Amino acid sequence: MAIEVKAMLPADVRRAKRRRTKHAPPGTAPGSVTIPDGALKPLVNIFSYDENSFRETAVTSVQAIQSQLSSAPDKKHWIDIRGFGDKNFFEQLADSFGIHRLQLEDVFNVYQRAKAEENHGYLFLISRCLRAENETIINDQLSLFLGKNFVISIQEKYEDLLDPVRDRIRSGKGYIRKSGADYLAYSLMDVALDNFFPIIEGISERLDVLQDALIENPTRDLLNEVLQTKRELILLRRAIWSERDKINDILRSAFEMISEPVKIYFRDSYDHSVHIVDLVESYKELTASLMDVYMSSVSNRMNQVMKVLTIISTIFIPLTFIVGLYGMNFSYIHPVTGAVMPLNMPELYSPYGYVTVLVIMAFVVVGLIYFFIKKGWLTKSD
Amino acid sequence: MAIEVKAMLPADVRRAKRRRTKHAPPGTAPGSVTIPDGALKPLVNIFSYDENSFRETAVTSVQAIQSQLSSAPDKKHWIDIRGFGDKNFFEQLADSFGIHRLQLEDVFNVYQRAKAEENHGYLFLISRCLRAENETIINDQLSLFLGKNFVISIQEKYEDLLDPVRDRIRSGKGYIRKSGADYLAYSLMDVALDNFFPIIEGISERLDVLQDALIENPTRDLLNEVLQTKRELILLRRAIWSERDKINDILRSAFEMISEPVKIYFRDSYDHSVHIVDLVESYKELTASLMDVYMSSVSNRMNQVMKVLTIISTIFIPLTFIVGLYGMNFSYIHPVTGAVMPLNMPELYSPYGYVTVLVIMAFVVVGLIYFFIKKGWLTKSD
Amino acid sequence: MAIEVKAMLPADVRRAKRRRTKHAPPGTAPGSVTIPDGALKPLVNIFSYDENSFRETAVTSVQAIQSQLSSAPDKKHWIDIRGFGDKNFFEQLADSFGIHRLQLEDVFNVYQRAKAEENHGYLFLISRCLRAENETIINDQLSLFLGKNFVISIQEKYEDLLDPVRDRIRSGKGYIRKSGADYLAYSLMDVALDNFFPIIEGISERLDVLQDALIENPTRDLLNEVLQTKRELILLRRAIWSERDKINDILRSAFEMISEPVKIYFRDSYDHSVHIVDLVESYKELTASLMDVYMSSVSNRMNQVMKVLTIISTIFIPLTFIVGLYGMNFSYIHPVTGAVMPLNMPELYSPYGYVTVLVIMAFVVVGLIYFFIKKGWLTKSD
Amino acid sequence: MAIEVKAMLPADVRRAKRRRTKHAPPGTAPGSVTIPDGALKPLVNIFSYDENSFRETAVTSVQAIQSQLSSAPDKKHWIDIRGFGDKNFFEQLADSFGIHRLQLEDVFNVYQRAKAEENHGYLFLISRCLRAENETIINDQLSLFLGKNFVISIQEKYEDLLDPVRDRIRSGKGYIRKSGADYLAYSLMDVALDNFFPIIEGISERLDVLQDALIENPTRDLLNEVLQTKRELILLRRAIWSERDKINDILRSAFEMISEPVKIYFRDSYDHSVHIVDLVESYKELTASLMDVYMSSVSNRMNQVMKVLTIISTIFIPLTFIVGLYGMNFSYIHPVTGAVMPLNMPELYSPYGYVTVLVIMAFVVVGLIYFFIKKGWLTKSD
Amino acid sequence: MAIEVKAMLPADVRRAKRRRTKHAPPGTAPGSVTIPDGALKPLVNIFSYDENSFRETAVTSVQAIQSQLSSAPDKKHWIDIRGFGDKNFFEQLADSFGIHRLQLEDVFNVYQRAKAEENHGYLFLISRCLRAENETIINDQLSLFLGKNFVISIQEKYEDLLDPVRDRIRSGKGYIRKSGADYLAYSLMDVALDNFFPIIEGISERLDVLQDALIENPTRDLLNEVLQTKRELILLRRAIWSERDKINDILRSAFEMISEPVKIYFRDSYDHSVHIVDLVESYKELTASLMDVYMSSVSNRMNQVMKVLTIISTIFIPLTFIVGLYGMNFSYIHPVTGAVMPLNMPELYSPYGYVTVLVIMAFVVVGLIYFFIKKGWLTKSD
């Protein structure tokens, strides 16, 4: 049993991958862009589309982006950027689209809370993209700049969660090609939000397995799993609360970039985020129960150990006394005077003494076993 | 005792029925309707009524629904749909009544939070329908579309909670036939809400039984029952909070479809929902107490075990020492020289030695028993 | 000690009286009045008074009430009804005073939250009347309908808390005869609120007794008392929060029936309700502490038991080894060859062997007792 | 150690002084003034002052107060009343200054929450005055009526916290003589608020001492201290939250009696109250930790006891077995036939048998001690 | 292992440095400035700068400050004061800049909550400056007065966190020289806020180390570390909540001194503060888990101890009984009559008696070891 659970939950792997937030050193001027070492070279694709047409272009310069946008001003454009490794490129991008430096800093500082900030000419949106990989929760960031007819999305890694949206644009399925850039931004953030569900379901299943395993056999590895799950739920809660706040901001603020019909979709996202919040809180409570289950199982096992000790001791200690009693050396005949002392252990000199003692001891054992059965100590049930 | 409790609470059955939320895969276009495999073919009944007349019709097509509605524009119509198994039917229904695709998706996604959303021409309402069946809580969803003179209700299963309302319409009892479609929608949701009470009362009774059983004899099965009850309360809380929020929305928003006189009824529902919230929170607190009771009972039993061990050991260990003492082989007469050594265990050679030792041991036993009585260890009381 | 506590807190009595909420079956038409079986026949008294005159009349019909009211339109009238057992009477009363059927239903559904609802022509008020009787908390309901110059009060039982108000009207003491019907309604609700204080003080005293008793001797009965007290506090909290909300509603809403000068009195009630909320929350926290005290006392007692076992075992086990050692039968003289084997237990053949062993054992005992004293195990202090 | 702590924290004294709230019996007419038995005769001093002059007068009648006020209408007057024992005096005072009877009742009901209530012509203010005396927290009440040019302060006891303010008026230090009656009221309430700090610092120091003492040696007395401290913090929290609410009311409401420049001072008080709230919540959390420390120390001590038992038992039980083994009486020579039975315990007849057994037992002891050292059971460290 | 942890976390050092808040004695007139004994002489530097020029001047008098400000009215001036030890200087400063005495008092009362207060002509800002030094968290205060073209910063100690800002002004890097005094105030507070991150990361790492160490070997020192960390988190929470509230105030209030473009920067600070709040709350929850881990590890170790005792006792107690059995002295031949009593322990006189007993005992041992293996008590795994 324990082996299966461990196989399912390779804690070592997960812990090893726990990554720490890297902050710029305190006192750095705000708005400074720091590209982490070893960052991937940015891959830039532009999806330009309207209801009837669609074109996907790979570009490498900001100039190419701008010329693509100006060449088709009536289309919607998704500038899909993956990889951070080119500081110049991003500074030109910011200058070209009028992006505030503080927000560009936020893009690269990949542990921001989800948020929505309106600036002159665009809306800046951050989403948390969570996905489970090898039982680790990867917590990436999706940064969006939503303008009139474009969305710029920036992510750190090449692999991401957005392929379903790319496919929907390519295939022209759903409303995405008929709708504006705001619907595109919604779609991208909705994918990120939808990915909370499989993670939460994974945690829910793991908690079920853990509960059964803990009652069966409480081990330190299982305790570690519970603690690890609690950490993940704390992380999830932090992420989903910020998502919920962001969507609430979008619904309540009159952001110029988001049209009324798309707000209905965000209302749906809001319902989802509230649902996820509910689930995360519920599972956190269950995690607390599991700690109790662990403690009670440990106590139960101690009880088992104590019972074995007590049963064995209680049966044999009186017997040992009896046999010790008849191991005493009181003399029946005085070694010097030879006088018979008939009160000194006459049992020893009875022809049925030994048999009688054996019978008495048998009664003691039977009596104690009856006592233990009455106490319920010999039943397996608990 | 334990057997009765188990009979009352067949945990295995309940756990086996725990169903998981099925979400569409992340990235699916919003508003896509997915009918689960094996869904039941929809049964459609139209109740058309006014104060004086009533007609119940079973139909199978959206056209039949529309012709029924247009044939009696002054009556109220309840289009009562049970079963999801016909995608075409529902898409036609949505087109025919102008229902937003996101909301149609919510209808089939049966784990939505309760909510009220106004759209052009109708109010969309979701209620949680909880009922206990074989000790399992079944958590179904009732989706309503409330228009000027009609209510469309959609549910997944054939069996539901709405029969009392159907009977009230058929028999013409109460205000239901005299009132508008909004009162019908209220009545349907009120039935759903009323069904929280028997579930909560069942939990309350179960907690009483569990408390007594836990103090009597804390077993793992009882612990499982407590945890299971906690899970159910967490589920109930999630459901009732969303109901409460929904009714609050209805009371505060000026929904066009809900008239002032019917709002008084929703105010009553609101009081009920707040009352249920109070009860659920109270019982959740009691569940936490029961965990404490379990832990303390386990400790108490360990105490009992330890006391038995200690009493037995404390009585017999000194006795065993005494009999061991007189089992020593110090020689009274030197085996080689034959010299008498009068200091070597002269007790063994006294005519009353054995009797004296027996008396001493009896005193020891009486003394220790007196000690245990004084300590209160021999009383049954705790 | 334990006996006194039990006498003070007859838990069996209290638990036996725990009454369950009876709800109408789900799906019943809202506004249906259901009179419980065995309900008492209503006693109706009308107190008609103004500053100078006072008349108390017992009536039996709604007609008599109406004629009393119309005969003295300038006076204030308190229609004081106790007992539910006449459905016709209450339906006539509701028709005669224009009372909404939902609110009449609330009157008979005696587990409503406290609330204030304004209707056309009257204000509907519910208060929770708590009183301690034989250590049980009785949780009755007081329903008031406050009109321009009348108050209708309806209660289930004959005995109630309102006698002080009846006496104040009869004797003309205080402002009650000089003030309007709103002040009368305030006075009735204020009596109900004031009765929380003796209950809370009783709980506070009980918690003090329990804390001392738990530290002294933690028994299951005391644990039951703590849990029972926690339940009562949870009940009290539910009741007082609803009272607080009700009074807050009265203060914030511009209820037509409540004049400004009487609002000052409700402000005072509000302060009291907040004070009670504070106290209940405080005592709930103390109850949680008592669970901890119980657990720690149980641990302490286990510690005591273990110490006794350890002291006895630690003293006698080494002694038993020593006496066992000299009970070995190694031969000094070979039984066949008769050879002397001087290394085989020569101690046994020393004239001072036995005395030496006794002295050594005495040293061991003294040494161990010194060790236990140094460890602090022989002091009574904890 | 334990003795010092006890000397520092005389729990018996404190508990004995725990005073209970005395409420008027439920149903008493609101606004009834009840003077407790044995109340002190009121001492009345009037401080009449302006920037340049100051006069302190002891008076005994309300007439004297009024004539003092009318004789110097341009000065500020502090009517400083201590002692409750004259019902007539206070009723005349209320009539003379137009004080509402409900508020007069609050003055004598000395367990009111802190509050600020505006009435026609004056502002009614209640503050909680906490001070530590013989390790008990005394929780007195300061009631103020602030008018245009006067402050009436009423307290139950002669000794109070206000001497620093009296001295500042007498000496003319600070702004007090230059400022209006509102600044005087602020100063009086500020002294009360400032006195929370030494109490909280005392608790903070006590918690430090308790933490160290609990880790060292967890006794029931220390547990009582922790619980007592928790009670005090719960009391403090109740008091400071009401203070905070009161000051917030003063800042947000446009009370006629409080001028804008004095509001700046109340903003400062508000910061202090929030700071105290923060501290109290922090220390309450630490108290919860201390319960955990107690429980863990108790467990640790049990561990120590168990280790001693286990070490002693584990060393001696095998040895006792060995010596018992060679205490068996298997015959080497048959007593009847005289046949030699060489398989029956030949060790007993070897010349080195005894020595060999002693050596074997020495090895067993050394081996077990090595095992315990490896397990870390013989190190003192935890 | 334990040694490394201790080296990393020198608790003694830290506890020794715990400094207590020093409050002025209650009743002191508000606005009194008290300089602590041994305060450092103030070091005053003025940074006067605009986009193109920069000058740093050390001054010693308020006159010098004023002349520097009036000599360059178009520049921005940072009056950077470190050290409290000159009461006259600060009183002149307050008079010269119109600073309210209550706020000057707050400057020296170095345990204020972070806050922002607008006064006539300036904005008063307090920040908490936390830094870790020798594993102690130093909690200093930064007080700022922000005017049209100047910022006065006052700190108690010479060493502080502001060097990065000084360097940015000197080098002219970033926007600081181009922006107004409000941006300077923002920069100074932002440095203080940024310094929360390294502290929180330190705590996060310490919690990881502690979790592993606690599961490995739960000692009192580790428990102390956990409690110490909890205290630090409680302190951090107090500090960061007040920072968050302050920044929220700045964002919501229309403070005259803070321009719209700089508000964008404060919005960024607000996000940081919310992020820090989230992290602190998360780590506090983890600390609570660690207490549970400690308790469960202690239980586990007790389990280990008990198992050893039980295994040893259970194996040897039956064996000791057996050998005791054959140590009984029942006579085969009556010592007086010489009659053979063949039922008295015939085993002793069988030639294979001893060998048989040894074999039986071997079977008992093997059986018990099999039993323990089946119970899983001999595996190391938990």
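Each chain carries a letter (A, B, C, D and E) given by its place in the written order, and its residues are counted from 1.
FYI, contacts are C-beta pairs under 8 Å (C-beta built on N, C-alpha and C of every residue); 3 or more make two chains touch, one makes a residue touch a chain.
Everything quoted here is computed from the prediction, not taken from an experiment.
Count of steps on the shortest touching-chain route from subunit C to subunit E?
The fewest steps needed to get from subunit C to subunit E is 2.
Going by the touch criterion stated earlier, list every chain that contacts subunit B and also contacts subunit C.
Chains that touch both subunit B and subunit C, as defined above, do not exist here.
What's the distance between the Cα centroids of subunit A and subunit D, rounded to whole Å?
The computed centroid separation for subunit A versus subunit D comes out at 40 Å.
When the centre of a chain is set as the mean of its C-alpha atoms, what distance in Å lies between subunit A and subunit E?
Whole-Å distance between the two chain centres: 25.
Got the subunit A residues that touch at least 2 other chains?
Correct list: 295, 299, 302, 306, 309, 313, 317, 320, 324, 327-329, 345.
Report the order of chains around the ring; begin at subunit D and proceed in the direction of subunit E.
Counting round from subunit D, the next being subunit E, yields D, E, A, B, C.
Give the list of subunit A residues in touch with subunit E in this complex.
Per the touch definition, subunit A meets subunit E at residues 2, 20-21, 23-24, 26-32, 100, 102, 106, 111-113, 115, 117, 217-221, 223-224, 227, 230-231, 234-235, 238, 241-242, 291, 294-295, 298-299, 301-302, 304-306, 308-309, 312-313, 316-317, 319-320, 323-324, 326-329, 332-333, 340, 345, 347-355, 357.
Given the complex with subunit B, which residues does subunit A contribute to the contact?
By the definition above, subunit A touches subunit B via 161, 163-165, 168, 173-176, 187, 190-191, 194-195, 197-198, 201, 204-205, 211, 215, 264-265, 267-268, 271, 274-275, 278, 282, 285-286, 289, 292-293, 295-296, 299-300, 302-303, 306-307, 309-310, 313-314, 317-318, 320-321, 324-325, 327-331, 334-336, 339, 341, 343-345, 375-377, 381-382.
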